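Two complexes are shown next, each including subunit A; its partner changes from subunit B in the first to subunit C in the second.
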Partner chain A sequence: MNIRTVAEILFIASLFLILVYAMIGYPDIGFVRPLGEFYLYNSFNESNSTWWSAAPNALTGLLWDYRGYDTLYETMVFYIGATAAVIFFERAVPLRQSKGMSMIVRASAKLMFIFITTTAIVITIFSVKTSGGGFQGGSILAIAYIVILVALSKGFLPYLKINIERAHLIRILGLVIIIGLALTPVVFSLIMGINAYALQNQPKQWSPFGFPPFLGLRSLSGGNIIPLSIGEMLQVGMGFTLMFVLLTLKEDGEEK
Partner chain B sequence: MELQFVIMHLPYILVMLMVAICIYGAIFKSNIFKKILALYLFTDAVNLLYIIQGFRLGEAIPPTLLPELGLSEFVSRSVDPLAQYFVVTAVVIGLAEMSTLIALAIYTYRHYGTLETKKIKELRG
Partner chain C sequence: MIQILMINLLLVLCVLLTALAIYSRDLLLAVVLSGAEGVVVAILFYLLVAPDIALIQISAAVGVATAFFVLALKRLKRYEET
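Then we have the complex of A and B:
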């Protein structure tokens, strides 16, 4: 064991001890803090419509109502992060055309794609009622393309009508949905001369603007949360798809 | 440090060990890919810390109000949604950041032919 190894072990040990010492101030494990209880209590509390988000899933209500600004900025960060990755990966290599897989393989690939995409959409839309959300749905949507890419080679992508420009457009569409819904209350307040704030979901006493809490069916609640989640799904799904598609194209270029 | 305190805080202690190892990896490993891996595990350690803090002892349920549950029972049994919120967003953004770093690593490899920072330093003269 040389001196460097000993020094490294000592570094890890001393860092660990410092971190454990700092941990003494942390709250005990197993108890929910009052802030968390506030969200749980008010998320779908119809008797207190001032603070409710109309979403039975407190996590989704938290994402797009209570901490909507946080999520909006995180969406921006994701957009910029994905754009940076795409700029590094991107190269003017057109997607290769298929080398003529059999019809059965093509049909099964499309079927698989439809199943996974449907799952992504369902998880996104019903995130107000059960587990899920725009981030999760988007990740699953990206899997639909990645499965095709990994399992059946990228020659299949033209069959699924995906190209880089279209993926960029869908990403921007997702962002437009989110920003449009965020700004709708502001535009409404300017026209009607009432109080409203950006990303407002349900009406308050001092700010009467509000999206309808139930979209027809009672299971589709949450006001603007469902369309916002769909925007997030498109944004995240296409961001990941672009990254993986371009990464594969790059490797292809190296082989040549 | 009392034994009971250690047992009660064992998850925290394990996370801190993970954090220490990740910081070591990010600083001392000379391979860029290993540095990236250490950074990614570091974000996972932080996510784990959030989840541990949001955990509830007893018969915990997800933060979704089901029709058969009363509001008071839901509040007293559900885990903390705030911790889950941070993790959901952090995971996706972490992956985007990792992709950017991996893209940069690919460029570094193409330019220098290696991912070893020591060799890159020598090449620059």
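Then we have the complex of A and C:
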């Protein structure tokens, strides 16, 4: 037993002890801090609608309403990161449709793709009511394409009506949806001459602009949260897909 | 109490899987082991009442990251040299 093995065992044991201490020694179980109290009392309190976000899932309300700028910049960081990857790997190689696929393979792959995409859309839209969100939906959307890419080949992607230019366009469309919704209250306030903030969701007493809090009969919509989540889903999903497709293309270029 | 015990057991599993992934000479096996570790972390998030973070963990850290690692592995050799 040499000294390196001992050091490694000690390292893993200490890592484990730190994790266990973090679990047992966490002092605040059952105690809500003042900021958390504010969110708990106000994020879903219809009778005091000054601070509410019209979303039953308080977490989504926090992400897109109370801390909207945080999520906005996060989305932009992801966009810039994916753009950097695209610049690094871009090759003008068009995706060719492969011919060797039998009809059974094509049909089953399309079916699988539809199932995964539906899951992504449901998780994104219902993030207002249950756990979920734009980033989660976007990663699942990317997985729909990546599963096809890994299991079959990239020659299959044209069957799904996707190519590099279209992925770029959808990614930019997602960002445009988010920025447009963020700037809508500002434009509205300039036209109407009232107070409004960028990324404002529900009306306040001192700034009466607001997105409709209900969809139809008493079904809470969360104001602008659903379209914002859809924008993030498109942006994140297409960003991951684009990076993955470009990585595979680069490899082919080197093999030739 | 049972929940804390279970969380600790999962943490042990997590450290074990990470150690196995580090020491494995077969890099594909290491990728699969780190994916399994990601699943364990997702269960931990779920037990700590953060189901949306568990969703991110499952889709991004287990799905997308594993796929990227497998893709990177295609450009390397499968077995690590001593």
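Simple rule for what comes next: the second predicted complex is superposed on the first by the 220 of 256 C-alpha atoms of A that agree within 3 Å, B and C clash if a C-alpha of one lies under 4 Å from a C-alpha of the other, contacts with A are read in each partner's own complex, and residues count from 1 in each chain.
Note that in this section a contact is a pair of C-beta atoms (placed from the backbone, for glycine too) under 8 Å apart; a residue touches a chain by one contact, two chains touch by 3 or more.
Predicted model, so just to flag it, every value in this text is computed and none were measured.
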item: First, second, both or neither for A:203, with subunit B first and subunit C second; value: neither
item: Which superposed partner A:135 touches (first subunit B, second subunit C, both, neither); value: both
item: Broader residue contact with subunit A after superposition on the shared chain, subunit B or subunit C; value: B
item: First (subunit B), second (subunit C), both or neither touched by A:84; value: first
item: First (subunit B), second (subunit C), both or neither touched by A:43; value: first
item: Touching partner for A:59 - first (subunit B), second (subunit C), both, neither; value: both
item: Partner chain in contact with A:32 - subunit B first, subunit C second, else both or neither; value: first
item: Touched partner set for A:67, first subunit B, second subunit C, both or neither; value: first
item: Partner chain in contact with A:20 - subunit B first, subunit C second, else both or neither; value: both
item: Touching partner for A:150 - first (subunit B), second (subunit C), both, neither; value: second
item: Touching both subunit C and subunit B, counted on subunit A across the two superposed complexes; value: 12, 15-16, 19-20, 23, 59, 131, 133, 135-136, 139, 240, 247
item: Residues on subunit B engaged by subunit A in the complex (per definition of touch); value: 8-9, 11-13, 16-17, 19-21, 23-24, 28, 52-58, 62-66, 71, 74-75, 78-85, 88-89, 91-93, 95-97, 99-100, 102-104, 106-107
item: Complex contacts: residues of subunit C adjacent to subunit A; value: 4, 7-8, 11-12, 14-15, 19, 51-52, 55-56, 59-60, 63-64, 67-68, 70-71, 74-75
item: Complex contacts: residues of subunit A adjacent to subunit B; value: 8, 11-12, 15-16, 19-20, 23, 26-33, 35-37, 39-41, 43-45, 56-59, 62-63, 67, 70-71, 74, 77-78, 81-82, 84-85, 88-89, 129-131, 133, 135-136, 138-139, 236, 239-240, 243, 247, 250
item: Subunit A residues touching subunit C - in the complex, by the definition given at the top; value: 12, 15-16, 19-20, 23-24, 59, 123, 127, 131-133, 135-136, 139-140, 142-143, 146, 150, 240, 244, 247-248, 251
